[in-house]
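Next come two complexes built around subunit A: one with subunit B, the other with subunit C.
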Partner chain A sequence: MKKILPGIIALISGILILAGYFFQDRSGGLLVLLINWGILLISVAGLVGIGYLLQMHIHRLFQHKKGRFFSIILLVSFLITLILGFLFSLESAFFRELILNIQIPVETSLLALLAVILFSSSTRLIKTRGWTPLSIGFLCSAMVFLFLDLGFLQTGTGTLAAELIVLIRRLPLAGARGILLGMALGGLIVGLRVLLLLDRPFGEGK
Partner chain B sequence: MNWSIVGWMAIGLSALMLVIFSLLRKKPDTYSLRRSVSAEGLMKAQTNAIERGQPRLIAIGDQYWSRTYPGLGLHALTALPILADAENIVDGELSVSGGDGSLVVLARQIVQSDYVNGFSMELSNPRVRTILPGPTQLSYSVGLLYELGLQKYGSIALFGNYGPEAILWTEAVQSRGGYVFAAAGSIISQAVLLFNVRDLVIGESVFSTAGLLTSNEVDQTRWMTEDILRVLLILGLIAGVIMRLVGVL
Partner chain C sequence: MTKLICPECSAENDSSAEHCCECGASLTLENLIESSKGEETDGDALNRVSTAETDLPGLLHALKQDGDVTDEHDGSEPSPADDASLPDSEDKEEDRMLPDWLNRIRQRASEEADSAGEIIQKLSAAQENLAKEKRESHHEDFASWIQNVRDEASSSPSENQPIDESEPEVNLKKPVETPEWLNKIRKISGSAHDDLKKESSSYDLGGDSLLQWLMDLEDGKETPEEIPKPSLDDMDYEYEGGEESTPSEHEFDGGVTQEMRIVKKVVPGLIVTREEQAQADQLEATIVDEGASRPLRKPGKRTSSWVMRLFFALLLIGSVSFALFVGDPPQLQERALKDQNQDLLTWASEISPSESLLLIFDYQAGYAQEIMLIATPVLESLVNKEIKITILSSAVTGKLLAQRLLSALEMDETAIFDDLGYFPAATYGAYGLANRDQGTWPLVDLPEPAQKLQAKGFDGILILSDSDESARSWVEQLSALTPETPINLLLTAQAGPLLLPYWESGQVTGMISGISEAAAIEAAGGKETSLPSRWRAHQTGIVMLMIVMLIGAFFVVERTPSDEGRKAS
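What follows is the complex of A and B.
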């Protein structure tokens, strides 16, 4: 019973939410109620997760493990943010300025690092994958779209060449839609398998 | 007929096929269209890392639920019991990392449940570390990079929802000789990981990763259902294009 009960709850909740989603006008607020319950549970779990984060760093600090200096920085920053968050509300301009003026430069520097790594990695595509149809196709398409986006190729409006360029420029969108359709199918099957208790990640579901 | 009815039909048909194929339950390998060199590579790398006593990491994404990729968080959790098996759990070198508190809490529950089921109901303290390096996308990325720098990881497996920052982690592991497997979901992450991850699963195959890692009859039902749906979708798209061309739509 202990193993079946979570599955039955998942099954009933899933079907109710699906029904509420498709028949919103007839659900009588049931969908909103269930989603609010879900958000509440997820929020509590999120808080527990932050507890894990703090626990890990406190443990690292007191066990004198490698990297405890950064754990101190994290814990102090967390405490300062928490205290200021209680003192000032999220609407406070001072609080937002203070946090964002630290957060945005840090995130920007990470993105700058990402750009450098992306560039260096792109030069190693052939080394990683070899001369396969995939890697050659990827490189060729990257070159073509880079060239098209530079804007060097100019054509008169309404000409066949202009139509062709518009068509070529829409190809990545079509490809992305294809991948998203495939992923939607995959997502649908994963959800249904959990709902139908064929997959039970919460126990005995291997 | 409106889109709600079409949605119900798609979901109902999928559910029906899953139930029917599960009841029929063919013998293993009767529908073995799926073999993945990437998945086999991950299993080998995990085994090698265990033999060498190296730490291993399973990253399950930075979001449990996202509007664009709603199934990815759940998928990462369904793949977790397969990767966190008894062999992987006992040496205490496995870490599971997520960037969303709820995802990490659920992952911890799964790992503990696996441990109890595999060993004893009396034991409930697996040595698997479930960590939350940061609660937002970029703080998770920075925190994970820091974690990866602390130890020399033998293997890292990426599941779930990520952005392009995933390439930073793969770079950090590969530069120290570690192995990387990625079934990371978002289109951007798939595109950037193509550069430097040899064992990469993309598109709808991401959702089949659990089945690719350990093929059994339950996964065959999923593959059959997915294949039939795919064929129906292709036929639908072709029919839609033809109807548009002749002016019906």
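What follows is the complex of A and C.
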């Protein structure tokens, strides 16, 4: 029963929402109710997640486990943000600068690290695979598109070279769209599997 | 006509007579049986043989008796180990003890065929036949087996001569060939075979050594020795030979019964599929590969790699910093604008001061600098027209980022801003805002920012986003909510290419994405900002990455697949 009940709930909810797209005039009210429930549950889940995060770091702090220094930083930052959030409003310039002057450098640094990691991974790909058609193609495409992004290559409007550059610039777009189409089809298949109770991501095992 | 012989006077009497007609002695059955007790010696022996069929100890007793009889008949000397001479001496003493009439009866019975009664004669004949058959069958079975074992034990030239001299006549028959099971017993336990030869040579009892050994076992003089069980290799050998059970697979339990069991072991058939065989081979190859010797890595390699990484990191940071902070800002090269850029600039220039604008902030704090570089020229041209601007943010920090961006603009104090707040568009998903008014599936409990949003109250919408998914969601919902309102996009470089089809399809009026397009716009406008120096740093960083990637590809590559295959071979 413990495994069957979540599956039955997911099956009924999925079928109702799917039917709502085809019979909107009859199932509109029910769908609104389900969506509101979902939003409420997501909000509660966010609170539960925050509580679990605090509990884990408090436990690590009092158990003198490894990394408790970072737990102290997290707890102090959380408490300061919470207190200042209650004391000051969002229109306060002090609160705004305090938050953004911390958050913007942190997120920008993470993005810079992401760029470096991607670069290192591309080099490692060539290093581990050696000279294969895949690695050669990857290296050549990376060089070409980085060079085009520099803006050094200028062509006249309406010329053949301009059209060729536009065509080359669209190649990554085609690849990205192919990936997105694959993700969409994968999401569709996963949804059908959940509706047919073949997958139970909400329960234990299959 | 049956007649009875008187045990007293040996006179013939009628079968129905109760007393002898000559001497008057009683002719009852008890007297007759009592008189024939002297003949029970042989009958008891035969009974013992018949009852000893079931177990080996009894059989050995019977063999012992047979051996006594055989010795008597053959006239050979009795062995010191047994008491074969006892029955002879007992018969002599019994003859002395018997009365004269019984001796006479025995003498007459031996001379005359019908001296005894018919029943007694038949009984005696049957007992003799049975004893003879048993004796012969036992002799045939055990004598042949003993003869085989004895021949095997005496197969060595050094021991062959003395054993042959003491063999009885029965054992003179040579076996045709050595049984296979006996050879396998020897293979399984050579020690037992040696012990057998030692015992046979030590006792040296004229060909009866094995029999004597078995009798000693029964009497408790010898203790049986355990013969080790056959090894796994031998079992495999037997299985491969196609024989599931062979006589060689004997097991001596070594218990007190001294019984030699012949146990047929049934080896279960092992069916291995091709896949299982492949997995087994793979496992074996893995085990072999784990134990294989491998070349040691050079300890200095990691240090050199770390130094190289540090060098390239310092080179990258130093070059970008140099391009960013050193020297005067470069003059941006003027180039042709893209069509989507030109469309957005055209829309921004055509908007009149009395119109209203919806600004949607949908980007994270990490992209704030990039969005600021892209949106600043456009927003400065809009806010200075004294238009009414409504702000709505769909990112968590969107409200703070909006205030930061607008505060950084060079604008007049007459600009009017209306902040609707935060609307979690990603949580509400599709149809959350689009079906608010005219849809058959309206969300009645939308947040306050979404409820305040006027469907037809804006003359233009400008979305600042860093994600193609969230920007697409906004475009789809606002296109359904206000189909006639022009929508424009200010995007990061990663989101721009994926949203370009919305401009190509006409859902989006214009769009600008990335610093490169922003630099082109600024170059066309001719206004001095901080963008040229940042654009130069951006170019320097890209060039450095290209150089490092080429160096890594050409000089850091250690091996190729062909090299790995060569090493593996």
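Please note the rule applied: the second predicted complex is superposed on the first by the 164 of 206 C-alpha atoms of A that agree within 3 Å, B and C clash if a C-alpha of one lies under 4 Å from a C-alpha of the other, contacts with A are read in each partner's own complex, and residues count from 1 in each chain.
Following the convention adopted for this analysis, a residue touches a chain if its C-beta (ideal position, glycine included) is under 8 Å from a C-beta of that chain, and two chains touch if they have at least 3 such contacts.
Keep in mind it's a predicted model, so treat the numbers as computed, not measured.
In the superposed model, A:I104 lies in contact with subunit C only, and not with subunit B. In the superposed model, A:R96 lies in contact with subunit C only, and not with subunit B. With both structures placed on the common chain, the touch criterion links A:L173 to subunit C but leaves subunit B unconnected.
Of the two partner chains placed around the shared chain by superposition, subunit B and subunit C are both touched by A:I42.
In the overlay built on the shared chain, the residue A:S122 is in contact with subunit B and with subunit C. Contact with subunit B, but none with subunit C, is seen for A:G187 once the two complexes are overlaid on the shared chain.
When the shared chain is aligned, no partner comes close enough to touch A:F88: not subunit B, not subunit C.
Looking at the shared chain after the overlay, A:M56 reaches subunit B, while subunit C stays out of its contact range. Overlaid on A, the two complexes show subunit B and subunit C touching the same residues of subunit A, namely 42, 107, 110, 122, 129, 176, 180. Chain contact summary for the complex, subunit C toward subunit A: residues 333, 335-336, 364-369, 397, 399-401, 403-404, 427-429, 439-445, 497-498, 500, 516, 519-520, 539, 542-543, 545-546, 548-550, 552-553, 556-564. Per the touch definition, subunit A reaches subunit B in the complex via residues 18, 22-23, 41-42, 45-50, 52-53, 56, 66-67, 70, 106-107, 110, 113-114, 117-118, 121-122, 124-125, 128-129, 138, 176, 178-183, 185-196, 198-199, 201-206. Taken in their complex, subunit A has these residues touching subunit C: 20, 24-25, 28, 31-32, 35-36, 39, 42, 90-91, 96, 99-100, 103-104, 107-108, 110-111, 119, 122-123, 126-127, 129-132, 135, 139, 142-143, 146-147, 149-151, 154, 156-157, 169, 172-173, 176-177, 180.
The residues of subunit B lying in touch with subunit A in their complex are 4, 7-8, 10-11, 14-15, 18-19, 22, 64-65, 69-72, 74-75, 77-78, 80-82, 85, 98, 100-106, 108-110, 113, 117, 129-135, 138, 141-142, 146, 150, 164-165, 167-168, 171, 185, 187, 190, 192, 194-198, 202-208, 210, 214, 218, 221-222, 225-226, 229-230, 233.
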